[in-house]
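Provided herewith is a single structure, encoded as structure tokens, for subsequent inquiry.
Think of it as A, B, C, D and E in the order they're written, each chain with its own count starting at 1.
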Amino acid sequence: MIGLEAYLIVSSLLFAIGIFICIGKRNLISVVMGIELLLNAVNIAAISFSRYGSGFSDQSDALAGHVLVIFILTVAAAEAAIALALCVLVYRHFNTINVSDVNQLG
Amino acid sequence: MSFFNQVFKGPQLAYYFKKISIAVFIFIVIVAGYFFSQLFFDLSKFSQFIFDFVLQRSNYNFAYFTSSIIGALGIISFVGLVLLVGSWVERRVIAKFQIRVGPNRVGPFGLLQPIADAIKLMQKEVLVPAIADKTLFLIPPVAIFLPAILAWGPIPWAPNMSYLNINVGILYVFAVSSLTVPIIFFAGWSSMNHYALLGSMRTVAMMVSYEIPISLSLLSVAIITGTLNFSEIVLWQSTNSIWLGLFMPFSLFTFFFASTAEINRTPNDIAEAESEIVAGYHIEYSGMKAGLFMAVELGNAVLLGALVTSLFLNGWFLFGIEKFVPPYIIFIGKTVAIYLLLIWLRATFPRFRLDQLMNFAWKTLIPVSIINFFVIAIEVTILNQFQSTGILIYIFALFNIFLFLGLIVVWSKIFSVDKFQPEKIQPKFAGEIGGLEAMKGVKSVD
Amino acid sequence: MVLGSLQVPGKDLSELINNSFADTIQNYTEDWVELKIENYLQIIEWMQNDKNIDAAQLSNLTAVDMLDSFEIHVHLQSLDKQKLYSIKVIIDRDAPSIPSLSNLYLGANLQEREVYDLFGINFTDHPDLRRIFLWDGFAGHPLRKDFLQMENANPGLPRFPFEEEGKQER
Amino acid sequence: MTVEEQYELNIGPQHPSTHGVFRIKVAMNGETIEDLDMIVGYLHRSMEKLSEERTFTQNIPFTDRADYLAAMSNNLGYCLAIEKLANVIPPQRATVLRVIFAELQRIASHAMANGTLVSDAGAWQTPLLYMFREREKILDLFEMTCGARLTTNYMRIGGVAFEPPDEFYPLLNELLGELPDKVDEYMDLLSTNEIFIARTKEVGIISPEDAINASLSGPALRGSGVPWDLRKAEPYCDYENYSFDVPVGNTGDSYDRFMVRMFEVKESIKIIKQALNELPSGMHKTQIPLALRPEPGQVYYRTEGPRGELGYFVISDGGPAPYRMHIRAPSLINLSLLKQLAVGSSLPDAVVTLGSIDIVVGEIDR
Amino acid sequence: MIELTAYNFSFIMMTLITILPALGIAFVNSLMRSLLLLILSFIGVAGLFVLLSADFIAIAQLLIYAGSISILLLFAVMLTPEISINNENSKYFLLASLGAILFLYLMILLITIFDLNQLTGNALNKLDFDNTIEQIGTLLLGKYIIAFELASVLLLFALIGAISIVRSSESDFDVKIKDSK
């Protein structure tokens, strides 16, 4: 039976891949992609807890997970916009967006 | 006997026979059509029958799976039929506008022309540019079919006849259609052609801007009907006996105009402007790959017709005729009407420029949509105070129509669209301004 | 008499020019006025700006190969006065060179490029002197009368640029 | 490949809006044109060289192939130049017939020019095909007169080649009867169309000073407000006897050039009607020697072609062939301002500007 | 072994659509291709949300991640030139893979050690939420109104911030960096 465990395993897989991309990639845009994957993994976990969790007083209580995901989506959109603006700025300043080359303060 | 001879002489007999046989044929067609339509009045009976039939012989999962596959096949085959017939209709109708005949050689009235075209396109070689990113180049023509077909899911053809009767119908169509943007972008980028890149950048810029007015107009629909479900929106219009297109003409206009930008139709087909960037993002595609892009565009035009019909034109209802004619026939009829309107626009209008279009989106459509949205929100709040909407909704409809016209006037004043009066921009005549020596004093620049 | 109705006879024009620039007219007939090459640019500029002549527009600029020399024919016109002035300059055939009118008349740009392409006449101070119809590296200048006898011109010309160089980028 | 960098775009030689094998190499930044290089010569046949090897009469077909959309006008210009050079006086009937055919050609050419302009502005070929309807009728008239539709080779030195057949005149009258209505129909369709105005108004503005300085002629010059028409200024073919007016634009934008062409069509209809009324009887052609040998001399003869000042500069050395023949091609010279107009504007505007200047590649390259 | 019901089959498919492209991003060298894979992965996550009967969240996921954030990323790639197209691994590749595997091991350990049944309980019987949108809407504008307002303020600031950061190359921020050199 597919249950909470399965979703949590998928979520942690995605999270692990996200961590891997965040650290293991040189390109700043790739790092942003990795962060998006991390957020997605969190979203899966939140929704699956909301779907399979017990101890909720009523349905609207259970839907708190959904609300949390909506806020994460909002923050992700804002974060992506700012991060990519920073990417462009970093490129303009350092003429590269390799993370390992951007290693000085100014 | 002599009378009979007199009336039915040789040539006359043939003449009357022809007339009578045509009349009989038309009568038979009408009668057969009536019985046929009564037989297929409610197609949900058939799907229920199939579902029950499979359920009796297997488990629920299998029955669900089978019926969903059959429904999906139904949608896909309908879209395929639309693509075949639609291209013929478009070419014939545009030919009528342009004093031509259009395709008329293959089959009766050229009806088999789309099939001949498809065969020809399939025979053609698919060229992949040497410097193109080959993987990315070959994915978009196929991938672009995905949103184009998925978006047909929640369309309410008739009562109980909607493949995906989901609560988030409008949002679903909106989300799925936004998937075309990256696909078109990948098509243009992977071609490694400047024309293609220009086309895809134009598409992305245009689609991103025009999603806002579309979402605002859909939001107005959602707040007045209180649902995002297509069937319920159609039913709301019939219970309140008003078409949403009449109640909020500006939302209809915004949705229609912005959608023409989303699906690359004239006057907003700047993403593949033939006279500027040749074919835009699919310039490097040849053979059936180009054909797929064009087919999707055509399918999207018909899809727009279906969306406008269900959101603004009361879906399958038409003044009680729906009791006699199968509702899905009415729905398809309205869809075809919108599609013909699109063809008419394509045959008539020149194209906007990109900056004009963007200006129109950001300076006109979005602010006016927001005003319109607030006005409708206020009206909805007032309407919700009453048990039945009654006459009030008609008063609001009238108010909205005048608001629409007023906003047009105000905005054209603000942006001085009427700067060019026809009488001021007519040429003068040399005779009026003093003959050929009128330009005395015009000297060359040093 | 083969003058158009607008054309100023050479005699009248030469008098007009003589009044301002003495001793610059080489020769004149009814059809044209021949200028010395030294004064060519100066006189045309004066004609463009002079109120009485008002040669505001360059109607035509072309060259003729006279076997021993090149002739440059310039037709200037005044739209206000409704006059057409025909001017001719004879230039050396071995190293043909003449001042460019492009800085006076925008319309001379393409016509001078055409003459450069087809006659090989060098226009000094031309902003953008390149071949216009034929490609760079085309042997010879086809409107010269001795085009087919020129050393570097061979009858079997390459049909396309860089044909013999293989797949070079065009 | 980035958005902010300058990149190169090849418009043509095969492109829907270059009207032939015309190539523009543009350096673009985003949607803005930053530099432009015009590359012509794909249709170069060196007519001027070829004509030095053929007799004066044999050169007439070359003029058809120069401006293949206005063959009659080109024939006329060349024949008038040679007649001036050789002192041949055409009969009166031939002169009037020449006017009729030249003006019909002007209508056909302007219909094509305006149709393609609207097509360039993005109308999906509908106006083009509407204008083609009238052009087809005119080409039918040409065909029944001289057997050819495009490369007519109709004018001769000292007259015209053939007398029009009897069925020509009723058809011409029918056409003249319906043409003004058709022109009004197109004006209704296009001249007040908001999108068309938005696309052409204040696009590609040429000031009168620039137009004169850059040797522009024809509708491109008159669109800028300069009332200059050789049919009025230097009348040939007895144009001074016809009453017609010269339309001039206000601001010199693409819309004005479009409208000037539309109004010129109306004026041409007037001229044809007057010419038909006073069509004298008599010969349509004088006899000239087979190998015409004009006196040595030179001529620069200009006519008002549909695209502008169409000049023929011919030098005779007394032989049967011209010593030098130069065609002053309005299409080429009208392009002098293309770079100034296009640089700084966007690609769609440049396309519309090019369409409004109305080029014919056969005449540019010769 | 798990039973192959329609639900389980869909779950496996969606998991594959999510995980395989995500893995692909780590190993594909072209940034554009990895973007395409990222979009696929987002779509897979949306599919998982549908299986969790979170229809509104699934659509929002499609709309915001697959439709909008991917476009933002596309623009970022286009605004930085060709050297940014490559998507190579950094020198921390081994460290990253080690960390990821360690994390995964820990998580799976946690998931298997805990008896999740006592957490899930009777909720398993309840298959679907009916009509989540209205309740989410009520929650957002009721219980979580402050968070909702804050989120909108955050979005506004993000919008203004992003614009002001990239507006011009000689912005104040840029000048400060140069001064500090």
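A few comments on the model shown:
Just so it is clear, a residue touches a chain if its C-beta (ideal position, glycine included) is under 8 Å from a C-beta of that chain, and two chains touch if they have at least 3 such contacts.
None of the values given here were measured: they were computed from a predicted structure.
Taking the CA centroid of chain B as reference, the farthest chain centroid is that of C. The chain closest to the protein's centre is B, with centres computed as averages of CA atoms.
With every chain reduced to the mean of its CA atoms, the largest distance from chain A is reached by C.
The largest tally of C-beta contacts between two chains is found for A-E.
Annotation: 62 Å between the Cα-based centres of chain D and chain E.
Note on chain placement: the centre of chain C and the centre of chain D lie 24 Å apart, centres being C-alpha means. A separation of 70 Å divides the Cα centre of chain C from that of chain E.
Centre-to-centre separation between chain B and chain C, using Cα means, comes to 60 Å. Shown for chain B are the residues in touch with two or more other chains, namely 201, 436, 439, 442-444. With touch defined as above, residues shared between interfaces to two or more other chains in chain E number as follows: 35, 56, 60, 68, 75, 78-81, 132.
Counting only residues that touch two or more partner chains, chain C has 56-57, 79, 82, 105. Across the complex, chain B meets chain E through its residues 61, 64-65, 133, 135-136, 139, 166-168, 171-172, 174-176, 178-179, 181-182, 185-186, 189-190, 201, 204, 208, 228.
Across the interface of their complex, chain E is touched by residues 1-10, 12-27, 29-30, 32-34, 36-37, 40, 43-44, 47-48, 50-56, 59-60, 62-64, 66-67, 69-71, 73-82, 84-89, 91-93, 96-97, 99-100, 105-106 of chain A. The part of chain E that touches chain B in the complex is made up of residues 5-6, 30, 32-33, 35-36, 39, 43, 55-56, 59-60, 62-63, 66-68, 70-71, 74-75, 78, 131-133. By the touch rule above, chain D contacts chain B in their complex via residues 1, 3, 7-9, 15-17, 28, 31, 118-126, 129-130, 133, 191-199, 201, 208-210, 212-213, 225-229, 232-233, 245-250, 255-256, 259-260, 263, 346-349, 351, 355.
By the touch criterion stated above, chain C contacts chain D in their complex at residues 2, 4-7, 31-32, 56-60, 62, 64-65, 73, 75, 79, 82, 84, 86, 105-111, 114, 118, 132-135, 142-143, 147.
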